[in-house]
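My questions all concern the structure below.
To keep things simple, chains are lettered A, B, C and D as they appear, and every chain counts its residues starting from 1.
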Amino acid sequence: MINVVLGVIGFDCHSVGNKILEAFFVESGFKVTNLGVMVSQEEFIDAAIETDARVILVSSLYGHGEIDCAGLREKCIEKGLENILLYVGGNLVVGKTPPDEVERKFLKMGYDRVFGPDCELEKVVELLNGDLEAKKDCD
Amino acid sequence: MNSFMLSRENFDKIRQEILLTWPTGKDLSLEEGIAYQKQIPPEKNFAVAMRQASENKETLIQPRAGVALIQDHIKLLQYLETEGGADLLPTTIDAYTRQNRYQEAAVGIEKSLQARTSLLNGFPAVNHGLAGCRQVTEAVKSPIQVRHGTPDARLLAEITLAGGFTSYEGGGISYNIPYAKKVPLQKSIDDWKYVDRLVGIYEENGVRINREPFSPLTGTLVPPFVSHVVAIVEGILALRQGVKSITLGYGQGGNLFQDLAALISLKNLAREFFAREGFDDYELTTVFHQWMGGFPEDEAKAFSVISWGASVAVLAGADKVIVKSPHEAMGIPTKEANAQGLKCTRQAINMLRDQVFPIGRKHQAEIDQIEKEVRCIMNAIYRLGNGDVEAGVIAAFAAGAMDVPFAPSVHNQGKILPMRDNEGFIRVFNKGNLALDDEIMDYHRGKLEERAAAEGRQVCFQMVTDDIYAISKGRLVGRPK
Amino acid sequence: MNSFMLSRENFDKIRQEILLTWPTGKDLSLEEGIAYQKQIPPEKNFAVAMRQASENKETLIQPRAGVALIQDHIKLLQYLETEGGADLLPTTIDAYTRQNRYQEAAVGIEKSLQARTSLLNGFPAVNHGLAGCRQVTEAVKSPIQVRHGTPDARLLAEITLAGGFTSYEGGGISYNIPYAKKVPLQKSIDDWKYVDRLVGIYEENGVRINREPFSPLTGTLVPPFVSHVVAIVEGILALRQGVKSITLGYGQGGNLFQDLAALISLKNLAREFFAREGFDDYELTTVFHQWMGGFPEDEAKAFSVISWGASVAVLAGADKVIVKSPHEAMGIPTKEANAQGLKCTRQAINMLRDQVFPIGRKHQAEIDQIEKEVRCIMNAIYRLGNGDVEAGVIAAFAAGAMDVPFAPSVHNQGKILPMRDNEGFIRVFNKGNLALDDEIMDYHRGKLEERAAAEGRQVCFQMVTDDIYAISKGRLVGRPK
Amino acid sequence: MINVVLGVIGFDCHSVGNKILEAFFVESGFKVTNLGVMVSQEEFIDAAIETDARVILVSSLYGHGEIDCAGLREKCIEKGLENILLYVGGNLVVGKTPPDEVERKFLKMGYDRVFGPDCELEKVVELLNGDLEAKKDCD
């Protein structure tokens, strides 16, 4: 079973989507470590190391995503998580913004995939399985 | 002075500490704050506006809004006042400030200056301090309120009340359970005692500040009795500290008849329990929140949700309605989108304000049902607290006798699972440890079975998920495809 | 075959003349038209869709739409079907065609080609002829209806029914009084006998075409009993010619409870009078029109009006709702604006479809009131027609016993002055010569006096003007400033 | 008293605004000849000649205004009504269109003033009185 770490970053308290994501990823066959809301970058990384996770699923709903999410990739590398996938999703920036603009921003920060609040979870899991497969080949 | 009231001595002791938690607190004077409040004209006082709305059977409209920088925030509020026609103004506080992370808020202000746009999801009032707040409150014509989500809102209250805000949202339960993860309930309730006492001190000095517990909680399938219990308990806690102007609220559930019943029962119940606690000298008004759960992304659909919320608010006779914008699903609204939400709401209110909803037998039954549920939980709270509502509510949350669905706090059991019945009323599927008696649960279960039968599936967890997404996907009840 | 039915001989004689009034009529074959209709699948048949909606308690949504050129019209309809999610499609006919001014319509087509945009306010179906109509009806997946406003709609009916449209709006009263100036009522009723008989002939050959009288009339403060009388009389006239699928309608008045009462009473009353005329073999369905009077210009406010109309439609259990767009006050909507109206409507319908409105005593009283009013006018019609509804309705309009407010026709007395009461119910201020008895008028007068008292002014003509502007200025009741 | 001719041009049946305009202009002290709806250019001109009107108030609501209103100025001149004011108002073109664009179109057609559906009638009367005054000076 593949380990994933899930949580809502920063000082964000939006818990409803988090509970749904947990239920969905469990049902899709992943072993989910759900850190809940208000998770710091350090907590994400520690949990990923501890559980030997292949991907971190970061949520940010409340608008501070741009500030809170910056630097996670660098910190992962620092801590030796060179190969980990970083997925991020939610209402990532303040204000209604074209999705491709948001995507560009977060790809540049080092996230592998960027999702809006309207993403279909089935599709996410499909992409994730593909990405995990591709990573395997790299290993 | 009642026995629950925070003594002036204790208050002053806490105050000294609190003011030192951020530089803008240092030189605050309570006397100067009171003097400043006294020269605010009555037409800018929130408590007066709420009382008058209630007397005149009007439904006032209020947006949510807050950005990082003072000048931008002023422009935003002025736009909502003139272009949007808001009756009441907000200042929504950013999420760092809500967690007392003033350092992070400072970074947010800095980055917003660089980006020439707000990177904060609200106005960092503590960082901007007294002078910044007064710039804001002096720049507008309407009563203005602090809206936030802060478990420890003591410094924020000191600064904003001295800064000219005349209403303060929140409470020790409603600004903890949905907004925090690890803050103990006793801690947030104690911290809110301070806030309420501060308001009480203003009151005793001739300045009436309006207080509004935050009723929608997680905004997601909250049964009326759950939010009513929180509202009533926070009302009592506020009254104990000398607060006189209280606005209790309810977040739209989606079924017209349940929403009507909820708003009608709320006032009855509050009066009943306030009397039980020995209070009779207060001004009680109501607020209705347009749909607080996930919104549809499409703006035309969002307008429909907004308009429907406005319609129910006015049919239910709410004194105020909190307005959403067509951007809700996507991000903090532009000032234009925010004004559109206000205009859409105003139109609905004005079209419906003269229409009198006759309360028939079926409506009364739903009112009775909610009252029964609230009394059931309240009795458990009194029992667990040996007669004291504060101790009782803390014990009730610990035991799960009181429980909020989908909340982030570890001090909430989160075992309750709400679900819509066949007509869209929010019922309880799994009560967890909620103190609801069998008769009530049989009623809920029966209603849910009706739905299950209609959908040809068992009552199941999938229904809860379906219901969470329903409105955003364009329905009320999350039926199978 | 009943004694009122147009004989085949007469029908054929008229037909020959009619087909020669414009070149596209010349080669039409009724047999070929029937054969063509027979191969249209049931899921594209309007009558089937309406019956199923009624059986399944669904509220279908339908926009208005029509532009000058065939390809543009097709693109428009396909957009409304896919992007807008319309259940039922329209083809709104331009105003020249409605007046049988095919020459002017030809100029409009020409100028539209030059301007690369529609200069006509609808689709000139007669000019485009059979082939053009079939291109349209074949390009869409949903049932499609001709919507117009044509006193003499005989050629249009021949072409569009043979062209694959499966529903035809209008009637000898409802497409005369609000749409024409000088056409005698007897003339338009006779011409619509032909249309209904044509539908009857299709019916007898196994093709069910839906017929829908146009109920909103002038769309402006029309009291329910006025539009109900027209709907019922046109229903009877259609039944007499062998029509079997009838959709009766009602245009939103604005007060929720009056609108509910209107839609509920409409079906009861229609059944009652259809039975009195000896008919029992028909399919009766209902349509609710979102607000048909002046709209607010602001789009956010327009959305509110649209959503409210949708909400009432579904609470009242209408089988179909005709949808407005946020551009309503300004001009014929773009396809995008039209789709926005549909989406806003869909959201409201889906949020409310599961909610059951309990009809209490006060609601029933309003239903009874409308029924009383309609019976009063219908009795006068029977009296004036010596038992015949057709002769009676013509005599009633001549005498003013039946009267439509604000209509352009000189064959309508136009003495009735409607006005809103204090709760926004549309009542009668001046009855002119309307055949309403004193008891009814006392009731109306009493209600209007309540409003006058509340506004501190006498019941007066200014109130009528204020009420006409009210919704567009953002209210329901036109109060003094 | 100043004579005005009022009507809805072409095959337009919108009668509500027409009734309101009649009431308003009567109340404002004009002598109104209301031709009602569905009025041809010829009927407007004949009525203006007959009543010695100083202004023709043309309404068009239904969208065919562009077609129906063209040529009225020329016909007026032809019939000797050189000095008559032509006011036009309503939903003059098909589709929501910027007001200044509509105004330009109709000014070009020879109308003196062009009004949208949102015009304030008090203002219209004010403008009319001004225009009538100015015309007097020209006479």
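Going forward, a contact is a pair of C-beta atoms (placed from the backbone, for glycine too) under 8 Å apart; a residue touches a chain by one contact, two chains touch by 3 or more.
For clarity, every value in this text was computed on a predicted model and none was experimentally measured.
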Which chains contact both subunit A and subunit B? none
Co-neighbours of subunit D and subunit A - touch as defined: none
Separation of mean Cα positions, subunit C and subunit B [Å, integer]: 45
Distance-wise, how many Å sit between the C-alpha centres of subunit B and subunit D, to the nearest whole number? 54
Rounded to the nearest Å, the gap separating the Cα centres of subunit C and subunit D is 30
Residues touching two or more other chains, restricted to subunit C: which are they? none
Please list all residues of subunit D that touch 2 or more other chains. none
For the protein chains shown, what form does their contact graph take: line, ring, star, complete or other? line
Throw together a list of every chain pair that touches. A-B, B-C, C-D
What does subunit C use to touch subunit D in their complex? 94-96, 98-99, 101, 104, 107-108, 111, 117-121, 149, 178-181, 218, 220, 293-294, 297, 327, 329-334, 337, 406-408, 461, 465, 468
Residues of subunit A defined as touching subunit B within the complex: 10-16, 18-20, 23, 36-38, 62-64, 66-67, 91, 93-97, 117-118
Interface with subunit B, subunit C side, in the complex: residues 254-257, 296, 298-301, 303-308, 310-311, 315, 326, 339-348, 350-358, 360-363, 422-424, 471, 474-477
